[in-house]
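Working notes, beginning with the structure itself.
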Amino acid sequence: MNVAAQLRTTAVPDHGQGRLEVRNVSKSFVVNGAPVEALRDVSLDVAGGEFVVLLGPSGCGKSTLLRLIAGLEPEFRGSISQDGNAIAGTSLDRGIVFQEPRLFPWATVSQNIALGLKNAPLSDRAKREAVAAHITLVGLDGFAQAYPHQLSGGMAQRAAIARGLVNRPRLLLLDEPFGALDALTRARLQVELQRIWAHERITMVLVTHDVDEAVLLGDRVIVLAPRPGRVSRIFAISAPRPRSRTDDDLVRIRNDVLRALGDGEEDGSGGTPISGPA
Amino acid sequence: MSDAALRTTLEPRTTAVAGFRRISGRVSAAVLRQLTKLGWLLILPAIILPIWIVGTNHGWLPEQILPRPQDVLHTLRDMLASGELAQHAGYSLRRVAFGFGIGAAAGLITGSAMGLSRRVDDYVRPLFTAIAQVPAPAWIPLAMLLLGIGEGLKIVVIAKAAFVPVVMNTSAGIGNVPRAFIEVGETFRFTSLQMLRHVVLPGAIPPIFTGLRYGLTHAWIALVSVELLASSEGLGYLLVWGRQMFWLDTVLVAMIVIGVIGFVSDKILAVIETGLQRWRIDDVQ
Amino acid sequence: MSSSAALGSLGRGLVLPIGLLLTWEVASHSGLVNRQFLPPLEHVGATAWQELASGELLEALAASLRRDLLGFVFGSGAGVLIGLLLGLSTIADRVVMTWFNGLKQIALLAWIPLISLWFGFDEMAKVVFIGLAAAIPVILNLVEGIHATSRKLVEVGEVFRFNRVQFILYVYLPAAMPSLLTGLHLALIYAWLATIGAEYFMAAGPGIGGIIIAGRERFDMDLVMLGILVVGSVGFLVDRGASWLERRLIPWRAASALA
């Protein structure tokens, strides 16, 4: 389907649903009796319908941040709110696709996806149709009745993406969802994800290690620095959509981001240095 | 003084203080945890004991069903004081120790051989399976006809009971070490001995200990059955005797002692097991 | 494995049993050992035929199997209920579990005198004892299975806002299913052991255990061996049946497909 056409036909209902505010969030774990600071003073505003990409070296707290936003870790300092309401526990308004597929081993692909709709206010028929549509969406036709142990790593990850999408949360958190996929499938799913995003106006926060993916998908790319995890740079990407990977603007920003990542904690050029929270 | 020097002189003290706080905090938290655990533990007796005491005192529970708790305690004390209990327990413990020792050792050897060699497994497995199908009590009459009712009978029956689960779990544990780990070893060109020492045994320790613990449980079951059927001493004999005299307190005391010894010996095996595989602790989330 | 290799391992497997039987037969006929202790195989066969023809063996077997099954059904049923309660309720777990772990250390057969004092020697007492034998492994394995449910899968349920019932139905029970089936399998094995034990010590009514005991009292080695053979065959069939069911009931086996 043509994304531009989609964009035009979709009236954007601007009631700001899916707006996310992360304020001065810090989180530490106790490892072997000693505290480990996973996140320090992270602040982040995501507008409703925005596509934000988190980028940063391994262990810098990306997964932890997503888990906090999802409401899976009750203990942290600072505040997180969605559409003005402080989050308390998980919510069907916020979906998450974990870094590992986490499929229920005793359920088939279609049962796994259907479990995501257990508490959705839909008729049984609508649920069945949604499940089937999402199996098609992630290219798993013919594997609806397969068990997770019969899938390859990439197929399992696609099933997990379908399960995260199926109940159309207002805010979807994606933790390296395409990490285990081949380049072709990855490119196709990137396009599909953009299409769904544009069509449904779902706010998305995506974690990735892939800079190309980041600049292709993101309205903003947020670079985190490690130990303790904190925001180091924010790149706004205003390139029009649909985007092409070879677009000059994108290539330039990509190089800037790469440089920022490479520079690590030293101050380099490019991007907007972050001052304290607004 | 340079910055670095300052840091080296200051740091040990600050970290020591912080470390102490951390440790003392951890200790008192641990004490608190143990105390709350104890509190939860006492709830059940706090409900049952009063019912038992009041019930037996008022005769709602006839003495043939449950003796008064104070009578059980009395019997326990008397039998402890007279040395009678220690004597019976001593007999039983010795039998289990010998029987389990022999059975488990034979089981470890047989099980390892079966796990390491496909050929040995082929030869031994069917006969072993046939023997394993018959539970310990069923062998006793046959063994009594062949061996009489002396100590030999008891040791053999107990050893056989311990042997079976040890063989099963040892052979499975050694035979089922994940292919992936073996392959890691192969890429490093481990010799068979290195493979055994660094890959096979560490992976097989949990199932081997499962086998040993089952073996011990079965050894106790076999002990009690053989003492019930053919013995004039030991905890099993105490049970039969108390049963025949309708001395419920004696029966209960014997059961308690059997349970306590079983509990302690199982714990000992568990402690040895955790000692042998400290790496597993990191595995727990 | 190729079929010739399979045949080879089958052949090797027969070496020991056949060798053993041959030695037995030769020893028995040679007069080196007392025939009373080691009767020739054909004598055992004759006794088996006789017992079968008189219907006594089948009657005893039917009686044993009936109480075995009855005890297993009641015991494992109670075990599932108790296991669910202990596994799912933190309070029940804290209050009861340690005591239960102590209680299970009392060697199974040691319960017989107490149970026979409470329930007498007849069918009821035996079924209660067999039920106890079956309940213990079911409870233990079910609780362990529920507690071992992967935290990662529980989090998925949290994200989907599962309620308590949904958590039990879609997460804890399926996660504990392999463990529960292991418990039921063990329950079958222990119930059969308990059946023999109950028939030895609460000797009233027909049963395989009774036949073995009677054989010993009459110094009738044929009968004892026949009894053991029957006990072993039943144990073997029950065990194989349970393994087969276990495999059939868990199509997802490779439960490590988490990461």
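For clarity, chains are labelled A, B and C in written order, and residue numbers in each chain start from 1.
We adopt the following convention: contacts are C-beta pairs under 8 Å (C-beta built on N, C-alpha and C of every residue); 3 or more make two chains touch, one makes a residue touch a chain.
Because the structure is predicted, anything quoted here is derived from the model rather than measured.
*Asks:* Going by the average position of its CA atoms, which chain sits the greatest distance from chain C?
*Replies:* A
*Asks:* As a test of whether you follow the contact definition, which chain pair has the most C-beta contact pairs?
*Replies:* Per chain pair, the contact count peaks at B-C.
*Asks:* Take the average of all CA coordinates in chain A, do the same for chain B, and state the distance between these two points in whole angstrom.
*Replies:* Inter-chain centre distance comes to 49 Å.
*Asks:* When the C-alpha atoms of chain A and chain C are each averaged to a single point, how far apart are the two points in Å?
*Replies:* 51
*Asks:* Need the CA-centroid distance for the pair chain B / chain C, whole Å please.
*Replies:* 20
*Asks:* What part of chain C is in contact with chain A in the complex they form?
*Replies:* 152-153, 155-156, 158-163, 166, 170-171, 174-175, 177, 250-259
*Asks:* Within their complex, state which residues of chain C touch chain B.
*Replies:* The touching residues are 8-9, 12-17, 20, 37, 94-96, 98-99, 101-103, 105-114, 116-118, 151, 189, 192-193, 196-197, 200-201, 209, 212-213, 215-216, 219, 221, 224-225, 227-228, 231-233, 235-236, 239.
*Asks:* Within their complex, state which residues of chain A touch chain C.
*Replies:* 70-72, 89-92, 94-96, 98, 100-107, 115-116, 118-119, 147-149, 151, 156, 167
*Asks:* What part of chain B is in contact with chain C in the complex they form?
*Replies:* 37, 40-41, 43-44, 64-65, 118-119, 122-127, 129-130, 133-139, 141-142, 144-146, 217, 220-221, 223-225, 228-229, 235-236, 239-240, 242-243, 246, 248, 251-252, 254-255, 258-260, 262-263, 266, 285
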